[in-house]
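Two complexes, one shared chain (subunit A), two partners (subunit B, subunit C).
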Partner chain A sequence: MMKINGYKDNYEMFVKSSGNKSLPVIKPKEYNFNEKKLRKNLTQLLDELDLKDGMTLSFHHHLRNGDHVLNMVMEEIEKRKLKDLTLYASSIFPIHSPLVRMIENGTISQVYSAYVSGPVAKAISEGKMEKVLVMHTHGGRVRIIEMGEVTIDVAFIGAPTCDLFGNISGKIGKNACGAIGYAVTDAQYAKKSVAITDNIVEGLANYDIDGKYIDYILKVNSIGDAQGIVSGTTQITKNPIGLKIARLTTEVIKNSGYFVNGFSFQTGAGGISLAVAKYLKDLMKETNIKGSFASGGITSYLVEMLEEGYFEKLFDVQCFDLEAVRSIRDNGNHIPISASKYANINDDCVVNDLDFVILGATEIDLHFNVNVTTSSTGEIMGGSGGHSDTSYGSKVTIVVSQLFNARIPVIKDQVICKTTPGETVDVLVTERGIAINPLRLDLIERLKKTNLPLKTIRELKAISDELVGIPQEIPFTDQVIAVVEYRDGSVIDFIYKKAL
Partner chain B sequence: MNKIYRSMLFMPGNNPGMLQSADIFDADSVIFDLEDSVSIEEKDSALILVTELMKSIQLNANIVIRINPYDTAFYQTDLDLIKQLNINTILLPKASLQSMKDLDSQLEKTNINIFALIETAQGIEDVYEILKSTSRCVGLILGGEDLSVDLNCERTKEGTELFYARTRVVNAAKALKKIVVDTPFTDTIDEMGLKNDCLTARKLGFDGKASINPRQIDIINTVFSPSEKEIKFALRVIDAKNLALENGLGVFSLDGKMVDLPVIKRAEFIVHTAVKIGLIKGENDEN
Partner chain C sequence: MKLNKPAKAGTYESNDIYIMIFPGYNSNIIELESVVYETFGEQIKSVINESLNLFQLTGVLVKAIDKGALDFTIRARMTTAIKRGMSNE
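What follows is the complex of A and B.
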């Protein structure tokens, strides 16, 4: 039985810890130059790796739904009848559907991830995996490795370009994905690290991962489909309700007291979030206020703001579209960062310097706890990613959502899964009003002076309940299928299998 | 004049998702449409949906219902149900002297007002008489799409083809002190085109603009709202007027210019509008 830790009670012990960073991270290498690292055959490589039952294998998700690496490697491993493997994949997408079979036949017995969607999420929701899914945050994933809670036996790193020393660049190659921030820690800490590439060059002048961390290079025909890199939603919403929410959000930013020269900003790739970026740009133009940096998953809208001088820098842990990939290659002020630098509590991380973050929610409860892990009907369909990392770090955390969508309300008495604790969420903006967390007296005081439609979250819930009613409670069994870990490693919730 | 009509937003009467959200787009009025945006086979469901919605939900918006035209079979069915609802305005499409007269008589025992949709060449010629035909008529909307079909001319973004119609309806409405609202701008992506069209309408004297997409409301409201400069000047005019009254002066000047009655009336209207739309606080508002 896993111990349930309150994240607040355990936070202090991590604050000044450096994890096991003090340990030497440069692993002794058998091969360190020329073609001695290079392998041209996956079968031969797997033989050399001496894989065994029960090992932990890691993958990154920078190729997103265009990734071919994870399936390619795992299907070969499955043929070898290996069992009880732990998959330490930063995110899992619909393209990874072959994993369902491996979960069912016991090749994979456990998954750690920050975000799981598609058929794999469905299979795990149905209770098909032997052990529980561990859902961490993007920052938490790094901490888990650093602190030795999980040891990666082999890291398989999809590398858009690699030289013969094993230096990896995400910025060039036919499947360039830009930043590869989630793979850095894997390369550093795995017992063995493999760069899997479809583009080998002689010597890279600029690289994202140092070849000294790479043990093997595997040349394959294709690591993925660059078009699949584009995140699910990368267009500004045309939905007038979404646009209204975005306008209100921009007004909250404007009147929050933190919208001053040098402010910093992060927004996701959702339609409403992108609309906030658009309106924010108009506001910055109108008020002649310039930002210091924008961070996170980067989209073309933020690239445009960098190029037009609205922000000085972009700190990019992953590129959400191909325009961001182009920018990170060509613009010195578009800076790649590792997942550790992005959100690890043991690092001097970027999220702690954020003034504003705009986040989504599937559900939010009366205490501002947010669920982005399951659907409103209880199936796993996502995960924190950087949600709770940025929510913790940012001075003003704004959740944007329609009050209800297709008759499903966003505000519940209790969320099905607590992904992000309400103590770290400051404002909820909906089309029918804005609720400020009562803990944020400063924001309440400032926003009360405006004409903005302020309401308590209970008042918003009452409006929603009147219009669409209260949904039936979803029945669950007592079988735990997933454990939700906060960024400091404490367990903040369990996800249960649904009752039939 | 109590209500503000900067923006009037059409919503198809058979779209529950939109109707339910009618009061969140900041449109001064929302028009639930039973006519052109509802196909023949959806007429009955639209009527039922609008009727039930109005009975069950208190929307925080000024709701207008566009019924079907007088010369269609749906007109009477619509009217029989709609006039029983707690609404204050019906929009009558293809308004004519005859249809206004009929609608007025059918609404006799109600407090329901009428907005006339002027969208035929004959309607343009008769507009003064139409507006004057009943005190129930509070204003008009110009319908440029149907009118250009009637005129057999191309409907353009510049709207040159509507120039006569626009100036004629504005003049008639202003002569009778009624509301006059411009035709929708139908390209919902062209924000600059919308803004220019609104500016043209405002210059000609329109009080507001109809819209077929909620995304247009922000721009329309902005153009038809008094500017900060206008509000400041209007407030100074009213202050100067009050001071003159206190001092027993019949006429007074501001910035070296004589202020006469039309200037005062316009200032009062601007302040009234600014208070109504929340740009400034009124005397009775809480501090």
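What follows is the complex of A and C.
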């Protein structure tokens, strides 16, 4: 063997690159930085992509229930009689109902997602999919790709605006959706990345995804319906019970010991959670305490708080309404972040800097384990999203829920599906009392000094059982239809098919 | 006691139950639709039966459309429907 003085003892000659962008290959590639990326016909593009049975295809969900990209691409792929595909879609909504047929006819044999609702969730719940559904978290999705547990063959990225280099902006265009944080990792790691856009401009100066990661640009008439990105839940509740829960929650925040200048905050888009944001603003005004940042899916209520100076910054992985889209475009302190920056355990993620997060629950058990993945009768109807990511990161995790609604109790002896582990959940606020996780001695100590209605979670359950009664057991088979993965990749629960 | 005519009580609002009762059957029949049928169907039927027994009614068809009512609501709606059905006005 040839000996070279002054160079490492063992070296490998360069043979060839696998083309996987997670590996340190030479860039730019053949098509970077010229106009040859542009395609005007989906069929032709799919020919070029050389799709094969068993491949993994990724999609993102920033257009939410107004997304046309996933259906458009998958329906064309179905026509090609491809089989056994894995769909790596960050979330699935009711608009994606054509997937049911593809699951039934074997085009799609497996789905990875952080949130699945609507007809697709129903079909999977009925056991129609060949392989198991893997339900990860928003942060976990990035980790799975980065660690190579799943390799994306082609990423299809709905791009509200794109230039000819493939630089993508979510902030402008007729279907602007604001942040596109969930698509960033897909673009970086997929073997091939396709930007699908209905708005091509020249030379974007300000973009969310760098064109060097994009291999093809497909021009289509419409990527979706921007109105559909407003999810159905983004309204403050008018229900007096919900408002009472929100007021109690604000009192918990105030007296927790963490409500000081520079605190940080995240809330979901549920009716009660939004009401908390509203009351929190009143409290901040009254006490003259200012926050550092609010994060997460961003709504108009948080935009208003940014504009009025209650928070210095918003870190936004996904806009929940069109007000948020406008703000992220116009306001430099409304900062888009990637899903990795948001919640990936291998990144300096924002969730770790959270002081408070307000979350919902379908079910919570006596150990504070939370289910937001299935309904209380065991059908898949959601998923973690960022629930368990933020719950882990935040110093005070508060779950807000009515003790029961329409005879459906929230507190159970055992949750049907463990989405978020109880060790990371600190407080449950209901209209009939507040339960603090016994692990949080500091919070118990501080809140005991107030006149808030503190109860143990067992006491709350007793009140609920007395009024609602004990539900009949839901019978399940031993067929696993979904694996629930925690943010670090460990399996936290299985979802079983229901018995008929 | 005896039911003189069909009667109804309740609403389709969440947390309520809509009850319709009809006389003239051979035995008591309960037709229940409920948003919590899987978890509380049997309990709701037993509360409806209790109410029928309390008024010693037989041969009544009860059609109930439940939107998650608690037991006391079901009893109240049943009592109202039965009293309406027993009146001669």
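We take it that the second predicted complex is superposed on the first by the 472 of 500 C-alpha atoms of A that agree within 3 Å, B and C clash if a C-alpha of one lies under 4 Å from a C-alpha of the other, contacts with A are read in each partner's own complex, and residues count from 1 in each chain.
In this text, contacts are C-beta pairs under 8 Å (C-beta built on N, C-alpha and C of every residue); 3 or more make two chains touch, one makes a residue touch a chain.
The shown structure was predicted, so the numbers you read here are calculated from the model rather than taken from an experiment.
Novice: Can A:K244 be said to touch subunit B (first), subunit C (second), both, or neither?
Specialist: Only subunit B; A:K244 stays clear of subunit C.
Novice: Give one of first, second, both or neither to describe whether A:I408 is in contact with subunit B, with subunit C, with both, or with none.
Specialist: second
Novice: So in the superposed three-chain picture, is A:N451 touching just subunit B, just subunit C, both, or none of them (first/second/both/neither)?
Specialist: In the superposition, A:N451 touches subunit B alone.
Novice: Touch check for A:N261: first (subunit B), second (subunit C), both, or neither?
Specialist: Once the two structures are laid over each other on A, A:N261 reaches no partner at all.
Novice: In the superposed arrangement, does A:T377 touch subunit B (first), subunit C (second), both or neither?
Specialist: second
Novice: Please work out whether A:L467 is in contact with subunit B alone, subunit C alone, both, or neither, and reply first, second, both or neither.
Specialist: After superposing on A, A:L467 lies in contact with both subunit B and subunit C.
Novice: Following superposition on chain A, which residues of subunit A contact subunit B and also contact subunit C?
Specialist: On subunit A, the residues that contact subunit B in one structure and subunit C in the other are 406, 467.
Novice: Within their complex, state which residues of subunit A touch subunit B.
Specialist: 238, 240-241, 243-244, 247, 406, 431-432, 451, 467
Novice: Can you tell me which positions in subunit B touch subunit A when the two form their complex?
Specialist: Contacts found on subunit B: 17, 20-21, 24-26, 57, 213-215, 217-218, 278.
Novice: Spell out the residues on subunit A that touch subunit C in their complex, using ranges where they run on.
Specialist: Per the stated touch rule, the residues are 376-377, 405-408, 467-469, 471-472, 474.
Novice: Name, in rising order, each residue of subunit C that touches subunit A in their complex.
Specialist: The touching residues are 14-15, 35-36, 38-43, 67-71.
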